[in-house]
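To keep things clear, I will list the structure first and then write my remarks on it.
We just call them A, B, C and D in the order they show up, numbering each chain from 1.
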Amino acid sequence: MATKRKFRFNDFGLGTKPTSKGYRALNKDGSFNIKKVKVPFFNRLNFFHELVTLSWTKFFGFVFAGYLVINFIFATLYYLIGIENLTGIRSSDPTEQFMEAFFFSAQTITTLGYGQVAPIGLAANIVAATESLLGLLSFALATGLMYGRFSKPVSNITYSTKAVIAPYRDINGFMFRVYNAKRNQLLEVEAEVSLSIQRENSHLRDFFSLELERSRVVFFPSVWTVVHPIDENSPLYNLTEKELLDKDAEFIATIKAYDESSLNTVHSRSSYKSHELSWGEKFVYLGRMENDKLLIDVSGIDNTEKADLN
Amino acid sequence: MATKRKFRFNDFGLGTKPTSKGYRALNKDGSFNIKKVKVPFFNRLNFFHELVTLSWTKFFGFVFAGYLVINFIFATLYYLIGIENLTGIRSSDPTEQFMEAFFFSAQTITTLGYGQVAPIGLAANIVAATESLLGLLSFALATGLMYGRFSKPVSNITYSTKAVIAPYRDINGFMFRVYNAKRNQLLEVEAEVSLSIQRENSHLRDFFSLELERSRVVFFPSVWTVVHPIDENSPLYNLTEKELLDKDAEFIATIKAYDESSLNTVHSRSSYKSHELSWGEKFVYLGRMENDKLLIDVSGIDNTEKADLN
Amino acid sequence: MATKRKFRFNDFGLGTKPTSKGYRALNKDGSFNIKKVKVPFFNRLNFFHELVTLSWTKFFGFVFAGYLVINFIFATLYYLIGIENLTGIRSSDPTEQFMEAFFFSAQTITTLGYGQVAPIGLAANIVAATESLLGLLSFALATGLMYGRFSKPVSNITYSTKAVIAPYRDINGFMFRVYNAKRNQLLEVEAEVSLSIQRENSHLRDFFSLELERSRVVFFPSVWTVVHPIDENSPLYNLTEKELLDKDAEFIATIKAYDESSLNTVHSRSSYKSHELSWGEKFVYLGRMENDKLLIDVSGIDNTEKADLN
Amino acid sequence: MATKRKFRFNDFGLGTKPTSKGYRALNKDGSFNIKKVKVPFFNRLNFFHELVTLSWTKFFGFVFAGYLVINFIFATLYYLIGIENLTGIRSSDPTEQFMEAFFFSAQTITTLGYGQVAPIGLAANIVAATESLLGLLSFALATGLMYGRFSKPVSNITYSTKAVIAPYRDINGFMFRVYNAKRNQLLEVEAEVSLSIQRENSHLRDFFSLELERSRVVFFPSVWTVVHPIDENSPLYNLTEKELLDKDAEFIATIKAYDESSLNTVHSRSSYKSHELSWGEKFVYLGRMENDKLLIDVSGIDNTEKADLN
């Protein structure tokens, strides 16, 4: 059996590293509790990636702030060249003239060009021609960013808050449930579950991959209960609830699926620590028939009932 | 043999769930008769996905309505700021002035900017500068949406309306035909067929995956007849037409292919219920040679002729 | 051996169909000599696909013609509404007025909007506002098309014009050469070769997949000689040049690779008929060292020299 | 063992070609020391690819130069048609008039259209209408290029400068370290390592694929030490440092990963020549716990310490 376990040993890339008791490698939302420090700045930088993953509020804030700053810079340029090189300026007050230059800049960078105000002379024309080109390129960038933001595939694979140890056939099983909250269909859904436990009398952690009753489903239109049967080959075999808590166990789940609408593979991950595990409970079935349709009430994803363990 | 069947057991993710007699898991067009209810609203939302999958009529309706509403809002803003802050307004009638503000707004948001009407003063200029930025961003979004809509890979894998039980070598086979109606080439086409039947004296359903004579073809330039040979390992072995009807059988077919022009993998699926199955018929060959070209008349996709079963 | 052959039997999806002598399933450029006829029109249509695969000349012709037609239509609308609803029209000659309306339309649809000519009144303003929205949407479409056209991955896998039967170790082999003419790197290149021969005294064709000495290379920076060793398991074993000509043999090659710059998988295919096969020739090595660089002269891709067969 | 080695023989596509001593097939940055020459020009050309992989400085230089050239051409056209066909020209000096035509062209191609200067008459209007269409199409191209440039997945897999031969369990191993310098998560990371050595008394090179302790990790949040155990099946078995130098060994590493943010597979490669190999050194562990987070100091990627070899 030792060999067997060794065979199923699976480093998820998280390392057999010394960690303190209670350490959680993976948060519930799938982010890691690992941070690289002192990464060289220019290697790290990924301007597009940052702008695509920013929240919408911050993104629009960024765009608006950039718009103000660039117009301010160009207004200053027009002002320095001399306000007399813009036709149609109405005011003779310097501050108001600056404002008019500012709005002229806005009309130029958006290629709006009312023409009420227009540049005269070489310098002002060079600045305006450059600004309109810059406007087009910025807009090209904005178009790419908007597309990049919107076309990101959104998987919203929702995990049950708790996992359970429930009876499974004539043994028991480790189980949790997932469903796809989005309307797009996920296909060829694959799950992998891994167990990380603290080695006895040591600060090291071992990782075991858990064999699943079924690790792939072709369709995923409803709720999928992922099941690891606790047979004699399982690293969970004969372990009690208390032992699992003592070993500071963490169950790491990854789900990979093909998103039919974005045509991309999406990845999702979550984790269950040993205290998020209910022993002797089983999940309640969520479906009912209505007019030849099978309705699945996903709001009951966490509903369990008592069940005697084998 | 029991073991064998167990081995080939294949839950397509549709579940061994109690369903009423006559239930169809998958419609002919590939949509599911399963509906998730009470999905949290914000989880479900996918603005981009909705706008990309909308019909063209609805999409243009949506764009046009949005254009009217936004111009109406900005026209109101210009009107509230005071129509005297727009130069070139011709009318003195309030309604007509509002219309002029409306068209000025349209000229601003599209960055058209004739300049016949133009903003004066701080407030009107701020609104106009904001509107033109908003116009550019909306247009960036529209560009992304248009690209997203057009570049969606369109597989149009057409299934024969009926499947047949026809003689195959010295046994019989379950067969249906498919072809790609689009001009783009599909490559590395893979088929999977699954059988769902009602368990005897039970409301549960079992799923069996059916072994195919050939589950993958490299090219797909013409018509492909997908064949499941009914040998002793087949769950259809020795079953009669009446038994299949009694068991409320459903054949679920999925086809996956690489689309050479969109460079994406496309998925297609359909299903045949037991009453859509013709026993003792075989498909008619559709090709004929003409000037060194092989012509395939796909309009005959459903053509069958009588054939004695083995 | 019969079983073995059966095992390696490989329908490329081209069918064991009756074809006339001399039939070529696949042309040298990878297109098929198979044509689907009577495909329902609306199923077949794929507007985006057509516009993306059109030649550049035709594409620009199409865009320019569309620009003329749309401007003509809108010019007619402005003319019908009444030329007095456009300010700044200079001519009193109807034909010249129509031309001015035409150019005003061009200024509107491109959102250029000089403003020298501008709409007055409800009807002209509605048409102009609609036209500028239409312009933006058309331009969004054009942007998508340009991107779609340019970002198509271009594999330019160049095949040697002839294949050879050359000595290989202590037997002989079927060989051809390929190289990537583009500067982008192809990775994980996989080749598949299939042989199609006419069945004796029959109009049917059999397909055999040919085992390759190496069917995958990780890198593809230079020239790859694809080799099928003609051992006792080969369907070519003991066949003479004349027999191959009589059997009207066709070698179908497909190459699939990951294009590092477009991040897509590209596919390429070609075919060699038996008369494009040189017996007793081997390919000449094309490399030479220069300053620690290995130079490969790809212009010699077809260079062969005599070689005694085993 | 000979058979075994033959089995693991792996041509990376670099060829068993005669090369001079000290030849490096792959540079540290992953580029090849192989150059194809005499590639037919039109086959080689890939306009989009060049513009997408150009440095940003060159890209903007190219755009700006193109802008100047096109405006110069159109200014010449307007000038040839006759400056009197543009309204609003202020100067009577030919050079200044040409400059005004130049800026009018810039206002037209960017669809800015102030309207201070505007075309009159057929010829000038035709040129202006054509120029604005050309402007829109160029801008469509620029948008695609910007998106293509920004959305390129950037893997920045950083390799340790040196590889080591370090103790591994009760034998030794060939090891190097890698980490992902970007913030985006890489998943399903796969490594392949190959050894290229000069054949004794020959100019030919042999390639061996090296078996890894672990060739795939699911997550890659920190540093991964890639290990090839030097057991009796390893082509490195019993080889000394001097022998490796004599054989002019080159270790070729390729890493392939799924980039969660760009949703693409990224490839990276590097190589270690025998003189870049430290014998009897092992890599130092880089992690430390801080507030339940594991911090990895990647600046120490090259840190090694003495270690006695087995």
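The rule is short, and it goes like this: a residue touches a chain if its C-beta (ideal position, glycine included) is under 8 Å from a C-beta of that chain, and two chains touch if they have at least 3 such contacts.
Predicted, not measured: the structure shown is a model, and the values here were computed from it.
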Residue numbers at the chain B-chain C interface: does the shared fraction exceed half, giving same, or fall under half, giving different? different
Chain A and chain B are the same sequence; what rotation (0 to 180°, nearest 5) superposes their CA atoms? 90
What's the distance between the Cα centroids of chain A and chain D, rounded to whole Å? 26
Note the residues in chain B that touch 2 or more other chains, in rising order. 111-115, 139, 143, 145, 147
Which residues, counting only chain A, touch chain C once they are in their complex? 111, 113-115, 143
Which residues of chain A touch chain D in the complex? 10-15, 17-20, 22-24, 32-40, 43-44, 46-50, 52-53, 87, 108, 111-115, 118-120, 122, 125, 128-129, 132-133, 135-137, 139-141, 143-145, 147-148, 152-153, 192, 194, 254, 264-265, 267
The answer for chain B against chain C in the complex is residues 63-64, 67, 71, 90, 99, 103, 106-107, 110-116, 139, 142-143, 145-147, 150-151, 154, 156, 158, 179, 181-185, 187, 189, 214, 217-222, 224, 258, 260-263, 285, 287, 289, 292-299
